[in-house]
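There are two complexes below, and they share chain A, which is joined by chain B in the first and by chain C in the second.
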Partner chain A sequence: MADIVFAILAIFALVGAFGMISFHSPIHSALSFIVTILALAGIFALLSAPFLFAVQIIVYAGAIMVLMLFIIMFLNVRESNFPKEPNKFISMFFGSILLLPVNIFIVRAFLKMPEKSMEIVEDGFGNIGSLSMELFTRWLLPFEAISILLLVALVGAVVLARKEES
Partner chain B sequence: MSDFISLSSLNIPSLLPMAILVFGALFIICIDLAVKNLNRSFYTILSVLFIVLDLGVLIGYNGASRGFFDTVLVDGIAILSQCIILIASAFFIPLSLSNRHFKEYEMAEYYALFLFMIVGFQFMVSSDNLIVIFIGLETASLSLYTLIALHNRAKAFEAAIKYFTMGALAAGFFALSSLIFYALTGSVEINTIEAVLKEREFQPLSAVLAGTVFMIAALGFKLSVVPSHTWTPDVYEGSSAPLAGYMSIVPKIAGFVVAMRFFEMLIASDIIWLEYILYGLVVITMTLANITALVQEDVKRMLAFSSISHAGFVLSAILIGTTQANAGLFLYWILFMFTNLGAFSMLWIVRHKNNLWDERYQHPFSKFSGMVKLMPTTATIMGVFMFALAGMPPFSVFWGKLYLISAAVNSGFIYLAVIMVVNSAIAVYYYMKLMIYMFLKEPVANTSAVYETNASTTLKVIVGFATVVTLSAVLFVEPILNIVTKFVILSGF
Partner chain C sequence: MSSVLLVVVSVNVILALLFSIGAAPIMVWLERRVAGFIQDRLGPNRCNIKGIRLGGLIQSFADMLKLVFKEDFRSSTIRERFLFSLSPVIVFVCAFLAFMVVPFADNLVLFDEVYVMQAVPVELGVLWFLAFAGLGVYGIMIGGWASNNKYSLLGSIRSSAQMISYEAAMALSLVSVLVTYGSLNLVDAVNFQAQLIFGFIPAWGVLIQPVATIIFIITAFAEANRTPFDIAEGESEIVGGFHTEYSAMRFGLFFVGEYVAMSTSSAFIVTLFFGGYHLPWLDTQVLKGNMPTVLAVAMVVIPLISFIFMRWVYKNNIWLDKNDARNKESIWLLKILLFKNVVILSLLGYALFVGIGENVTNILTCILQVVTFAIKLLLVNFFFIWVRWTLPRFRYDQLQTLGWKVLMPLAIANIFITATFIVVMGV
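Right, the complex of A and B next:
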């Protein structure tokens, strides 16, 4: 059963990703990307990681994609502003052939990984309680360091945006 | 893990060096909220004070080397590299007190971001946890991109965007490499990864290779090792001279420390292709950068390529991997730091807001022609830095080169040593090109005024200090080497 659900979600994720790079209009690409994100959220749920599932939907599908759509609409690009892409699919085809060796190599590397049990872990693995326990004990320092990182990004964005006006 | 965690097991003092600078940065932002339009010298002095305080705390640190559930690792090379980072920052921040006023130096955020950047580098070097290293790397990089973009020139923005896009790619590679090693060993700690891989005799090889290749790409970007070096000249050219000089020293020492921690375990594996990959990187980086530097028409771009070639030279220490080589890496970088500080400060002094000499370049070679007739002291000092960078005895960088080459010979890398010597000889050519322009050509400018628009007492003092260190390096190479070797041995490299 889990395999079937996984297969369906994986197909959705791939179709969404393919749509994202092949659509001509950025809005369609963004909407197609949401399909991928939702499918990934489903895969997280399948792996009994309810917290990641919720975060994936709230943060990625909710916040980030809305922001991207907002920016695309804000810029108000017209059909005539899009670059002409005459040989798009041919170049995509040859590009993927070019990347094929790299991908085969990575897949081979993953296939040769040491044997681990691929069973889905029992309840309590990915819920908020156990996750926050890890996050706020063993991973406290990286967690706090990320807040510095976000502060830097914030200060940097404000400084650069303010520079424009003067 | 037990529910009860004792406070002393966290080893909070190990975090003090980062905490002081985070506090300093927040303090500067808060002051700016309360009092507007403070003078740039106030912010500069404040930043330098925090850095000096930090340096004192760092040197006085005598706690355990691990803290915070093993996410912090304050060993010998961490302390040593943090000292280099802090000293370099303490010299590069006051370069903002130039004669001309620049908008970015009036902003409190410039200094706050600068301190945050130092914190990022400190996290990077004082941990062997790939996640903490990654966060440190990103904190430092994001601050650096913003600092470059703040400089008020069209090219500065271009440089920042170029650096940002390439940096984002490198960050992706780093994350992918960490992922592969985590999938392989179930840990993101470099020493645990090492233990697990050793036990398994580095099988499966293809997975280790994939992880290593991505790590080389990520660190190679920071160190500007040849396949991923293309951003360097453009970014250096676009950013202001102090930041370009800073970029050629501090991010690289942080990158070297991570590379040292990471590749030491792989070199120890006796996998022959790993050695070949590193060997190839070192040789190509040194040689190609040197040959490209020969044809540059701009001094800043020439210095950019020269810094790539110096990085390639020093990367050989990681390939050799003995204690002598690793100590040589730090010795080389300390000496190179002062020399490059001087060279880029000189470019900062002779900065002119218009491109008077060339449409395209800001510091073409012709700008410096006949400088000795107009300003003998300036030309001589610049000449000293060029001699030092070229590795002429008895100036500073020569001792670093000598020590690294002898390390190569001692561990049987004879061909590598020959290539290093040949490259040093090639490098002399382009440094001497500037000397010929300065000393043997006729001046193009009628007055020395165009060269001095940005000179101030602070800048002159910094250049003077760098000159004294470069000239008298022979006196303190021995003590520095003793200290460095002690620290390197303490941390087991």
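Right, the complex of A and C next:
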């Protein structure tokens, strides 16, 4: 059962990702990226990580992609503004052939992975309680460092966006 | 006992359907009638089936039939046909899914097994609501954009700007609530509110977290796209906003989706801040312990309410012409109410006479809590409607200012104070 659900979600994720790079209009790309995000959220839920499932939907699908779509709609790009992409699919084909060695490595790494049982783990795994205990005890320093990084980015954006007083 | 589980789950799903989609025609009727009374007119009250009008409730069903049978017109300028058809579905499904985690009653114990009274029993609770209520905005954005019409596009841009304005304040206001209740699970949140402060005040969220309550209610209005934040629709400024190009059942899905979203917001306001399914001062244990007394009180109260209601009907629904079709309505209502009362009273009397076992006590408690929840939901929905016909619309930059400069600092200050208080008091 879980395998079938995983297969469906994985197909959605791949189709969404392919659509994201191959669509011509930016809105279509953004929308198919949302499909990928939702499918990934479903895979998180399948991996007994309900908190990550919710956060993936709230943060990526609910906030970041809305902002992206807002900006794309706000700019009101027209059909004539799109870059011309001659031979798009041919270049994509050759690009994927170039990436083939890397992919073979990834497949080999996947095959080398040890066998693990795919059973549902015990209660509390991946819940907000156990996750935050890990985050605020063992991984406290990296967590705070990432917070500071985000804060720096935020301040930088405000400084860049501020109008100069003339 | 898998058959019991099946029954409980189906009851929960049916309850969720009733409270969200089933409530929509009643909400439409209530909205139009309340709007009428606020604007000193009557509202729709003429639509009838052989004289039975139910105060105009039949109008909702007539409207529904109209929407189903109307021509489904789609302009030839619309090129994104798939997205155009998809967007009402997204709005509807997201609002409906978000409703699914609301608990309708305390955990039901049958044959020594515990059943959760939620349609989708997940631990996530509030996070589930934030996730799916937030996704609903895509329906509006995609619909407005796919309509290929400048007013619709303005509507969808406004809707995304609105989403960016309120979402942060809403999530932050919920953090302090979660810190207070100490759990994401909505059943835990409701059971926390069954306690008493100083021994006599119910510990409802609205009393122990007033700031979070106000912020959440304001942002819930924006979430449900209701006035004063219906800037995406803005029918006096941008025609119909995102649904200008929609007609028939496609529009119907947007329309019902709006009411389902309203019910969802109300359900979460009730669950988080107004004690959920609990009657004040009567938590589940007290109800179970005093079930015979509760039944006796119900046997007095139910006929009394029916009697007052019938007197009101007879006072207001009387026509000079004896053969007027409308006079029959009162007689019909009287018959139905009498029948209902006789059935309920005989059932309750039988239960009292025979004596009630543990399972029956638990089921009766559950029914009482579902009814409590329904009444609270109706009152909060009424509040939504009341506000809609009282306040004018915000401009979208005003909403942004409100969200980022007023509500968000308030919510952060509230988190800080709550967390400090909880650590100091060691609650």
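Some points to look at:
One rule holds in what follows: the second predicted complex is superposed on the first by the 155 of 166 C-alpha atoms of A that agree within 3 Å, B and C clash if a C-alpha of one lies under 4 Å from a C-alpha of the other, contacts with A are read in each partner's own complex, and residues count from 1 in each chain.
Following the convention adopted for this analysis, a contact is a pair of C-beta atoms (placed from the backbone, for glycine too) under 8 Å apart; a residue touches a chain by one contact, two chains touch by 3 or more.
Nothing here was measured: the structure is a model prediction, and the numbers come from that model.
Partners chain B and chain C, brought together by superposition on chain A, fit side by side with no clash.
Between the C-alpha centres of chain B and chain C, as seen from that of chain A in the superposed arrangement, lies an angle of 130 degrees, given as a multiple of 10.
Shared-chain residue A:G156: touches chain B; no touch with chain C.
Once chain A of one complex is fitted onto chain A of the other, the partner contacts of A:I4 are absent, as it touches neither chain B nor chain C. With both structures placed on the common chain, the touch criterion links A:I57 to chain C but leaves chain B unconnected.
Comparing chain B with chain C, the partner in contact with more residues of chain A is B. When the shared chain is aligned, chain B comes close enough to touch A:P114, but chain C does not. Of the two partner chains placed around the shared chain by superposition, chain B is the only one that A:F105 touches, whereas chain C remains out of contact. By the touch criterion defined above, A:R138 lies against chain B but remains apart from chain C after alignment on the C-alpha atoms of chain A. Put simply, chain B and chain C get as close as 16 Å, counting only Cα atoms, in the superposed view.
Overlap of the chain B and chain C interfaces on chain A: none, as no residue is touched by both.
Only residues 1, 5, 15, 22, 29, 68-69, 71-72, 103, 107, 109-110, 112-113, 116, 119-120, 123, 129, 131-132, 135-136, 138-139, 142-143, 145-146, 149-150, 180, 183-184, 200, 204, 206-207, 209-210 of chain B touch chain A when the two sit together in their complex. If you check the complex, the residues on chain A that touch chain B are 105-106, 108-110, 112-114, 137-142, 145-146, 148-149, 151-153, 155-156, 158-160, 163, 166.
Residue ranges on chain C touching chain A, taken from their complex, read 83, 122-124, 127-128, 130-132, 134-135, 137-138, 141-142, 145, 153, 156-157, 160-161, 163-164, 167, 171, 184. Across the complex, chain C is touched by residues 27, 31, 34, 50-51, 53-55, 57-58, 61-63, 66-67, 69-70, 73-74, 76, 127-128 of chain A.
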